Amino acid sequence: MSQPYLELRRRTQSRDRSLREKVMSLEEACRFVRDGDHVALGGSTASRTPMAMIWALIRAGKKDLTVSRSIVSTEGDLLFASGASRHILTSWFSQGIVWGVSRVMRGFTESKRAVFEEWSHLSIGLRYRAGAMGVPFLPMRSMMGSDVAARLKDLREMDCPFTGEKLLLVPALNPDVALIHVQRCDPYGNAQIDGLLFMDVDIAMAANRVILTTERIVSNDQIRRAPDQTKIPFFAVEAVVEAPYGCAPHECFGAYEPLFPHMDYYAELTRKNPEAGAKEYLDRFYYGPKSWTEYLNLVGLEPLLDATRRGRSIYAD
Amino acid sequence: MSQPYLELRRRTQSRDRSLREKVMSLEEACRFVRDGDHVALGGSTASRTPMAMIWALIRAGKKDLTVSRSIVSTEGDLLFASGASRHILTSWFSQGIVWGVSRVMRGFTESKRAVFEEWSHLSIGLRYRAGAMGVPFLPMRSMMGSDVAARLKDLREMDCPFTGEKLLLVPALNPDVALIHVQRCDPYGNAQIDGLLFMDVDIAMAANRVILTTERIVSNDQIRRAPDQTKIPFFAVEAVVEAPYGCAPHECFGAYEPLFPHMDYYAELTRKNPEAGAKEYLDRFYYGPKSWTEYLNLVGLEPLLDATRRGRSIYAD
Amino acid sequence: MPTEARACTASELLCVMSARLLENGQVIFAGVGIPLLAATLAQRLHAPGLTILFEGGTIGPHIVPGQLPPTTNEQRCTRRANMLVSTTEVLLLLQRGYVDVGFMGGAQIDRYGNLNSSFIGPADDPQVRLPGTGGGNDIASLAKMIVAMPQEKRRFVERVDFVTSPGFLRGGASRRDAGLISGGMYKVVTDLALLGFEEETGRMKVEALHPGVTPAQVQANTGFELPVGPGVGFTEPPAAEELAALRRLDPDRVYTA
Amino acid sequence: MPTEARACTASELLCVMSARLLENGQVIFAGVGIPLLAATLAQRLHAPGLTILFEGGTIGPHIVPGQLPPTTNEQRCTRRANMLVSTTEVLLLLQRGYVDVGFMGGAQIDRYGNLNSSFIGPADDPQVRLPGTGGGNDIASLAKMIVAMPQEKRRFVERVDFVTSPGFLRGGASRRDAGLISGGMYKVVTDLALLGFEEETGRMKVEALHPGVTPAQVQANTGFELPVGPGVGFTEPPAAEELAALRRLDPDRVYTA
C-alpha cells in the first residue's frame, strides 16, 4: 500500500543528502537494512543482481525481509533458504528458463513457508515508478481481468474521468532499501550504468535508502566529465561499496557474463533435494568464506576470467 | 483532451514502423505537418530548438498549427508573426530572461489575435509522458489551487483511492507531429542525444508522427555499437533530415552555443515596433534565402564559428 | 503424414508455421525459444524489416545464427541492438500501441485462449507453483497474440487452473468488459494445426490442419471440444528453403530437436 | 542606515541575506539571477555541501565565478554537473521530496505569499501578458520557498492579479485544502527586511529589519498592512567577507549592480 505522502517526504527529508563521501565495506553497509524491511533488488534474472550485498545480508543474519524485484533468479532461492526472507514480490521466479522451475521456490511456497507474490512485470515497474515520482499510484491498461490481478489486494479500478475507459490503478512502491549494482560510481554515489537498465533507476529514486555496490569507484571528476551518463544521483544514495565481480555468478553488462558452469552446478545441487542442496550451497559459498574475495576465490579464477572474456565481447564490434 | 485509446492505437498501428531509410530534405519533411495539426517542439528556450524545421514550415505557409513546448523562445514570436500558429501551449514564453518580456508575444496575445495557453512546467511534462505511456492521464501534486489551473478546462481532481489525498489529473497529450533536433541519428531514425534531454523523449514517443532533424547522419552500425545511447527508436520516426546548425541562432549541446549577437539583434529589432520587426526578420531570414545553407550564410560564418567554439568548450574539461 | 512434413521435427514445424504468420514491418515482442527462432526465421525469409523487442529492454537486436540468447534479460540479447531501454519502458511500448504482435510459448491454454504459467491446481494450494507471468500478462493484455505450443490434452484444457495471461477470458464481451479493449488472441500454432478464435464468442477454432493430420488427431489431443469444420483445409508443408534457413539459425538443434 | 549596509547595493544586500537562509546539505531549486548567485555564495561561505538543481535538468553544477549562466536551460548550466536528467525528471524530484528549498525572484507578491508572473490586470484582458510560470508554480507547490525581491508598493500588493505560483492562497487552511499539503512560503528577503509568514493565518510578517530600516519605511513600500511588531529586531549587516566573496562571484556586477 502507498505510504502517506507526508510520511514519505518526512523520511526523505531526514536523509543526509549532502555531497559527501560514503564509501564503506559490505559489512558496514548492512546497517542500512533492518529486519522486516522491504528490500528492492536491481537488475533482472541473472543480470546485474546485487549479489555481493545479498551475500553480506544473509551472512549478517537479516530476517523477515520482504524482497521485490522485476524477475527473481537464484538469489530468491537463497533468500528463502537462509531465512532472510519469507516473502518475495516479483513477476517471475526461477533460476532461468534453461534451468526450469526452481525446486527451492516450489518447496517453500507450496508448503506455505514462504510467499511468492506475483504481479505483472509492467505493474511492478509502474509501482516503482509511482514511488519514484512521488504519486500514490499510476494508471495502467494491462493485468485487468486476469487471475494475477484477482489475487492482489492493493489494486483499484477506475473509469477514466477524461475518456470513460476502464483503468487499473497500481499503488506506489517505496522500498525501505534498494540494492543496486553498477559498473561505476564515485565516492558520493553518482552512479553510471551501461547496457540494460531494467528498473534500477526507478527503484533507486523510489527507495528510502539506497546501497550501491560497484565494480569500481571512479573520481567525481570523471563523473562530471560526462554528467549525462549518470543514472542515479548522489543524494539518493546512503552507501557506496566497491565489490568487484559483485554480481557473480550472475552477469554485469560489459564486464562479465554469467558463470554458466557455476549456475549449472547450483541447478544440479538443488534439483534432487532442493533445500539440502541450497543449504549446502549457503554453507560452502555464503557462510564459509571470510570475505567477498574469498568467495570469489571459491567460485574460481578460471570461470571468472572466462565470464569476463565473454562479458567484454559485447564491445568487440 | 486525451485521445480515445483505440483511436490512438489505430493511428500508431497505421504508421510504417519497419526498419527503413527515411532521409529527406526539410522541404520534403513538411508534408508530415498538416494545417491545423498540434505540433510539439523539442528542446527548451534557446536549447536544441528544431529551428530548421520550423523555418521550413513557416516558408511552406503552414497555418492554424497549435504548438506546444516546455518553454518557448523566439520561435514562438515567429510562429505567431508568420501566421503559422495562433495558439501556443507552454509554461513560459519570451526570448529569454536576459532579453525581457517578448513584445511580439504581448502584441498578439493582448490583442487576442493569438492564445498563449499557460500550464505549469511539470504538468506539460506529465501530459507528454502520459501520451508516451499510452494512458489517458497522470496524477500530480502541483498546480492545484493556483489561477494557472483555474483557467484550464482539461483538468480533473480526484481523491486518491489508496491514500485519500487530493490529486490533480492532467490529460495525455499526443501531438500530431513532434519536431526534434538531435546531435546524430542514423538513416532509419535511431537518435542519440547528448546533454540535456528536456522533454524530447516523451514528446517523440507520444506523438503520432516524428520529424527528426540532426546535426549529422551516422551509420546504423555506429548506432548499434552503443545502443544504450539511443534515446528515440527508429520506429517512432517518420522523417530524418540532416540540418547542420539546425538550431541556429539557438544552441545545440556540445556543438554550438546560442549566437548571442544574433539574439541581441533580434531583440533590438522587435523592441520598438514588435510586429514590423518580426516581419522584417522573417522577410530577411525566412522568406529571403533559397536554402538552409543560404540562411546560415546570412546568419554569418563568424558568429557560427564563435558559437561552435563556445559550444565545444563543454567538453574541454 | 506426407514425407515433406515428416522430414522435420515437431519444433521445426512450429517454427516454420509461426514464422509465416509474421509480416514485414511488424514490431513484435518475442519470448525466447521457439518464438525468437521463428521471428528470426521470418526476418531471413520474408520479413527483413521485422523488429524484435525483448522484455529486458532490447529493441531490434541482431541475432547471430547458432547464438540465440537463452533469456531476454542478459547482455547476449543486446548484441548490435538499435536501442536499449528500461524494462518498464519496453513494456510501455505495448501500452502505447507501437507493438503489433506478442509471440510466446505456453504451458497451458484453454478454449478461450487464456494462458496459465502460474499454478497447477488451485492457487491457494497448488500441486505445482510455476515461475509466473513475467511479461506474459502485459503482452497478452495489450498485443495481438501468437502462441506456439505442442498440442497435448494436458495443455489444451477446458478451463485453465489460473488465468496468468488473458485470452478472451470467459468469451463473448468478457475481455472487453474487463477493460482490455485492445489486443487479444490471434493464432495458436501447434504441431497439429493452425488455430484461431471465433470473433463473436472468443472460442478457439481450427483454421487449418497441418499436412496429414486428421480431425480425430486434433480432438484426441485437446481437452475440450474442438471440431474441424467442413471447409477447413491444410497448411502448406514446410518448404525445403524454410527448413534450410531454420537449420542455419539453430545448427546445434537447441530449440528444434 | 549604518555605513556597513550603505556600503553595498540593494542587490548585494538581497544576496547576502538570502544566502544566510540556506543550510549545508540542502538540495535547492534555484532560479537564475539573485537566487543562483545567493546559493553559490552560500556554498562558498557556510554550505559547501549545498546542491543546486536547475529546471533544465542539471543536478549539482559547478558555477564558475564570473560565468553565472543566464538561463536554466542551456549548456552553460551543465558545466561539471554531477548529473543531467530530463526536465520532467528534475521537476519530479520536487514531488518526490528530495528538494528542501525552492528559491526564486518575484515580480508581484501578496499578503499570503502568492506570486504573479502571468498577467498585470485581469487575465482575460490584461494590460501586460507576462512570460508565465515556467517551473515557478511546481516549485512553489512542492517546496519550502524563499523569494528574493525588492520591496516596492507595486510589487507587494494586497492581492495579486493572478496566482501563478501558490503561496498560502487565501490564508488559513486554504492551501492545504486545495491539495497542497507540503511546501509553502518560508521567507521573503527584500532590500528592507526579512519577512516570514504566520503559521495559522499564512499572513506575511516582518521577522527582522535590515540595519537602519524603519517600520515606516517598510509600510511605505508595501501595498498592504505589514506592521512591525514590538519584538522585531535587526538583521546582522553584511560582513566584509560576505561582500568580498559575493564580489568574486560576480566581478562584472551583472546581477549586483
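Residue numbering begins at 1 within each chain, and the chains themselves are lettered A, B, C and D in the order written.
To be clear about the criterion, a residue touches a chain if its C-beta (ideal position, glycine included) is under 8 Å from a C-beta of that chain, and two chains touch if they have at least 3 such contacts.
Being a predicted model, the structure only gives us computed values, none of them experimental.
J.: Show me the overlap between the contact partners of subunit A and those of subunit C.
T.: Correct list: B.
J.: If you average the CA coordinates per chain, which chain's centre is most distant from that of subunit C?
T.: D
J.: State the pair with the higher C-beta contact count; candidates are B-D and A-D.
T.: Ranking B-D and A-D by C-beta contacts puts B-D first.
J.: Would you mind pulling out the distance in Å between where the CA atoms of subunit A average out and where those of subunit B do?
T.: A distance of 37 Å separates the two centres.
J.: Using mean CA coordinates as chain centres, what's the subunit C-subunit D distance in Å?
T.: Their C-alpha centroids are separated by 59 Å.
J.: In whole angstrom, what separates the CA-based centres of subunit B and subunit D?
T.: Centre separation, subunit B to subunit D: 30 Å.
J.: Just how far, in Å, is the C-alpha centre of subunit D from the one of subunit A?
T.: 40
J.: Counting only residues that touch at least two other chains, what does the list for subunit C look like?
T.: 58, 78, 80, 84, 92, 95, 181-182
J.: Considering subunit B alone, which of its residues make contact with at least two other chains?
T.: If we look for residues of subunit B contacting two or more partner chains, we find 5, 134-135, 140-141, 165, 167, 195-197, 224, 228, 317.
J.: What is the shape of the graph in which nodes denote protein chains and edges denote touching chain pairs (line, ring, star, complete, other)?
T.: other
J.: Who touches whom among the chains?
T.: A-B, A-C, A-D, B-C, B-D
J.: So in the complex, which bits of subunit A are touching subunit B?
T.: Counting only subunit A, the residues touching subunit B are 1-2, 4-5, 134-141, 154, 156, 158, 160-163, 165, 167, 169, 171-172, 194-197, 224-225, 228, 317.
J.: Which of the residues in subunit B end up touching subunit C in this complex?
T.: Result: residues 5-6, 8-9, 12-13, 16-20, 132-135, 188, 190, 205, 220, 223-224, 227-228, 230, 233-236 of subunit B touch subunit C.
J.: Within their complex, state which residues of subunit A touch subunit C.
T.: 44-47, 70-71, 90-94, 96-98, 101-102, 105-106, 109-110, 116, 118, 120-123, 125-126, 128-129, 140-148, 151, 157, 165-168, 195-202, 251, 253-254, 257-258, 311, 314, 317
J.: Report the residues of subunit C in contact with subunit B in the complex, numbered from low to high.
T.: The contact residues of subunit C facing subunit B are 24-27, 48-51, 58-60, 62, 78, 80-84, 92, 95-98, 100, 181-182.
J.: In their complex, what parts of subunit D are in touch with subunit B?
T.: 32-33, 55-58, 70-71, 73-76, 78-80, 84-88, 91-92, 94-95, 118, 123, 126-135, 137-138, 141-142, 162-166, 169, 174-175, 178-182
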